[in-house]
Amino acid sequence: MQKGYQLFFAVLAVMVVSWLGLVVFPQIQLGSQSTREVKEIGRHYPTEPGSLVLNGRKVYQQAGCVACHTQQIRQSGYAFDLVLNEVGDFPEIITSKLIEAGKLAGIQVTNEKAQEQMANLPSTFLEARSFDIVQDVLKIFKDSGATVVADILPLGPDIERGWGPRQTVGLDYLYHQPLLMGQQRLGPDLANVGVRLNDPQWHLKHLYHPRSVVTKSSMPAYTYLFDLQPIGEEPSPHALALEGDYAPEEGMEVVPKPEALALVDYLLSLKIENPVFEAPYMFTQAEPGEANNAKMEQAQ
Amino acid sequence: MSSKPKKSKQFKKTSNDREPGVSKAPISVIFFVATVLLAYWAMMELNTRAGGFNRYVYGPYESYKVVEAVQPGSGDDPIKRGANIYRNVCSPCHQASGMGAPGQFPPLAGSDWVNVEGPNRMLRIVLNGLNGPIDVNGETWNAVMPGFGDVIASDEDLAAVISYVRNSWTNEASICTPEEAAAARADSGDRGRAWTATELLTLPLEVQ
Amino acid sequence: MLWMTMRLGQVKLRGPGFLFLGTVLWNIALVVGIVRLMGGSQSGYAFLSMPGFVYTMLFTAYALIGGIMLLTFFKRQDREIYPSQWFTYASIYWFPWMLTAASSALFASEPTRGLAQAVVHGWYASGMITIVLGFVGIALLQYLVPKLARRDLHNSNLSAFAFWVLLLFGGFTGLLQAQALPAWVGTLSGICNAFVAFAWIVLTVNLWKTLQGTDTDSSDPFALNLVRLAALCGLLGSLLNFWGSRPGVAETLQFTLYLQGIYWLQLFGFVGTLLLVAVYHFLPRISDRENISSGLFGWKAIMVLYVTGSILVSLVYVLGGRVQGTTLADGTRSFLDVQSATMSFIRISTIGELLVFLAAAVLVINLAISFVSYLVGYVVCCLNCKNESAQ
């Protein structure tokens, strides 16, 4: 390569190859995705965010939250629970098949155990087994009259920690413009924070002074999103109910600015609530009001 | 390469270091071997862990087939459920082979009443029963079939057994959805009596 | 880079005025960008976080600078192209093309949707580190090592191999860090990491063979040692990047300080150090001075502080990332445990960052002193002249 123009064209060729492979091809694959009907929830997913959420996203971007928080849940594996739903017409056969399935999975199933499982339907007779074992067990029960299903369990530290029910996939980020997926976890993951921590008051207090709600937090306080103002005739409806060291002095109240409210709206809109084709899990309709508060403590 | 740069005048003692050149010392064989091994390793990686470059294959799932296979409910598909119901409800007369009994019960396998576009007529027969002569594949059958609308009470079950029959043995027809089953059941809700073949032939093939 | 072009091509600089203008514009654009960043207009993408209009200015400035370099290159007298120049020119061509492609994909009025943004951003970021900045560093490596050792480069074919491999695969390293992408992205990224690491090994072996037996022969052993250290940083960076993308390891090391550690190694330990050494080497040849240690502590001090600081920060981050990662990977431990595990590493790394800051401070002081002494000298000279003319 001794001529200047040879170098130029050679580098240009490599650049085009690189661009085609790593910009154009992903654009064709991922950039052209569109919303999809998800049968578990009976509507298209994801839904387009409203303007308050979009404002909140701008605040998130400007506050630099992406430097410490990710918005992606990972999954490191999958396993299955085998569930017996119906025994069918030939229970004697089912007993022996349950014992056989147990042997395949490496556990000892006694006759009594099998009877007990058949009595309390639906019963999970094998837990967290790999795909191959599940295929073999389903073969055992084929044509036996019993209904056996394999419930999929996503596995991984993020899911164990209660950050979400499944991993996030391309479809989830369809309306994320710009994409604020993040690369550092100096703070917990936020992909599902709208479900996990769905109390706006908690978020407002956390933004105002993180250590008022999480004593060992190292997140900086975003006091600039709030106004410290004297109480008028009546306390403002949005004023924060702070206690202890973080409460303002007598006669003053902490009121969130519109940016803070928008940001909280955005955070509460971050939800991963239904399975998708790429990341299945056993979907159950959530009880209204049952916000995973138990997981809140663990997730912090 | 000349050692004195042409351009400037003020270089003092640091100017007699010459510009570097290149030599062509021999390259060891290890380099070539390593390159080949690396290329081979790369091919293996792409084969096993790239998921076939499929846009739906994420994370721990190895390939598109696996993703399809692990979808919940794929072990519970209506055809399997329909098979159970058929075995319990229908096979005493129509047999497990779907061939029926000559002179008594018409076949379902290959039947021209099954292999039509819509499941409407089948649904009515199962719900309310059939009386009188019926032509199946050119042969006339004269028997009584009771209605099973109460026995197969759920729409999912009804749709499942219809789908099973329409897709088993040599039959290749569309499946029946629970919505269609529900609509048919609602439509013929208070009929009470069995159908005759002539009445059925006036019904449309698709469920309205 | 300009220096290398001129020296290796044996040619005089063309259009210095444009070069100056370009440099000034570039610096203005950077300052504007940083001010806007502090005011909160960041875009949320690492390495591309300045608001969009800054890139137009940067692009223009770069066009000026790069144009001058290319012009000088084309007018060279010595027509043989040395390996450093391959790397230099690839870097010059690559940067504006990549910047345009990425900006139009990410900042245009109809940007690409969803996850494709992550892929484009990852392509840009790794291209910046491995190709645009990395090539500057490698070009300097391949120039300074033979020059300071007073020998020829061991084998230019190995350099050529490394060049093509890095160019082809360097655009896609490090994307495993974003796990919510289809499986092929992560695997391809891992493969590119492997190839890049291999190219680095080849480069280092090439340089090492060049250096064999030169301990007494070098014209500037201090600079040569720093260059060796920088090369090791670069090599280590690429090896750690490869290690961090292995399937069992990646789940542990993602989203931790490990990635930051690799950035520090590659950007500060490798490219930054080499740039400082380059200035140390070139500046005396431009100015009339013997050496540029005329300031308070001298350039050597700056380099030592900088290198120590960078290496400290990067090693602490790499280790800390490992600890953070293993704690993160244990799903039964709450996030607060992870955080407290990370904090101690971040505290130690602050020392390293302080050293780098000191290096920068010394540099500023040096420049201020030089400038002031220059002014003083000028004033004194004028006074003398006046005195003389008055007499």
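The first chain written gets the first letter, and so on, giving A, B and C; residue counts start at 1 in each chain.
FYI, a residue touches a chain if its C-beta (ideal position, glycine included) is under 8 Å from a C-beta of that chain, and two chains touch if they have at least 3 such contacts.
Please read these numbers as outputs of a predicted model, since none were measured by experiment.
Among the other chains, B has the CA centre that is most remote from the centre of subunit C. Remark: among chain pairs A-C and B-C, A-C carries the greater number of C-beta contacts. Taking the mean of each chain's C-alpha atoms as its centre, the chain lying closest to the overall protein C-alpha centroid is A. Chain geometry summary: the mean Cα position of subunit A and that of subunit B are 27 Å apart.
Once the centre of each chain is set as its mean CA position, subunit A and subunit C turn out to be 37 Å apart. Averaged C-alpha coordinates give centres for subunit B and subunit C that are 53 Å from one another. Taken residue by residue, subunit A touches two or more other chains at 29-30, 33, 74, 76, 167, 169-170, whereas all remaining positions touch fewer. With touch defined as above, residues shared between interfaces to two or more other chains in subunit B number as follows: 55-59, 61.
Residues of subunit C in contact with two or more other chains: 80, 179-182.
Taken together, the subunit C residues at the contact with subunit B in this complex read 6-8, 10-13, 77-78, 80, 82-83, 142-143, 145-147, 150-159, 179-184, 186-188, 190-191, 194-195, 198, 202, 209, 219, 247, 284-285, 288, 290.
Every residue of subunit A that touches subunit B in the complex is listed here, in rising order: 29-30, 33, 74-78, 80, 85-86, 88-89, 131, 138, 143, 145, 147-152, 155, 167, 169-170, 275, 277-283.
By the touch criterion stated above, subunit B contacts subunit A in their complex at residues 55-61, 66-67, 69-73, 75-76, 80-81, 83-84, 87-88.
The part of subunit B that touches subunit C in the complex is made up of residues 1-2, 5-7, 10-12, 14-15, 17-27, 31, 34-35, 38, 41-42, 45-46, 49-59, 61. Taken together, the subunit C residues at the contact with subunit A in this complex read 40-46, 73-74, 79-81, 86, 89-90, 93-94, 97-98, 101-102, 105-106, 111-121, 123, 127, 160, 164, 167-168, 171-172, 177-182, 185, 251, 254-257, 259-260, 324, 328-336, 338-340, 342-343.
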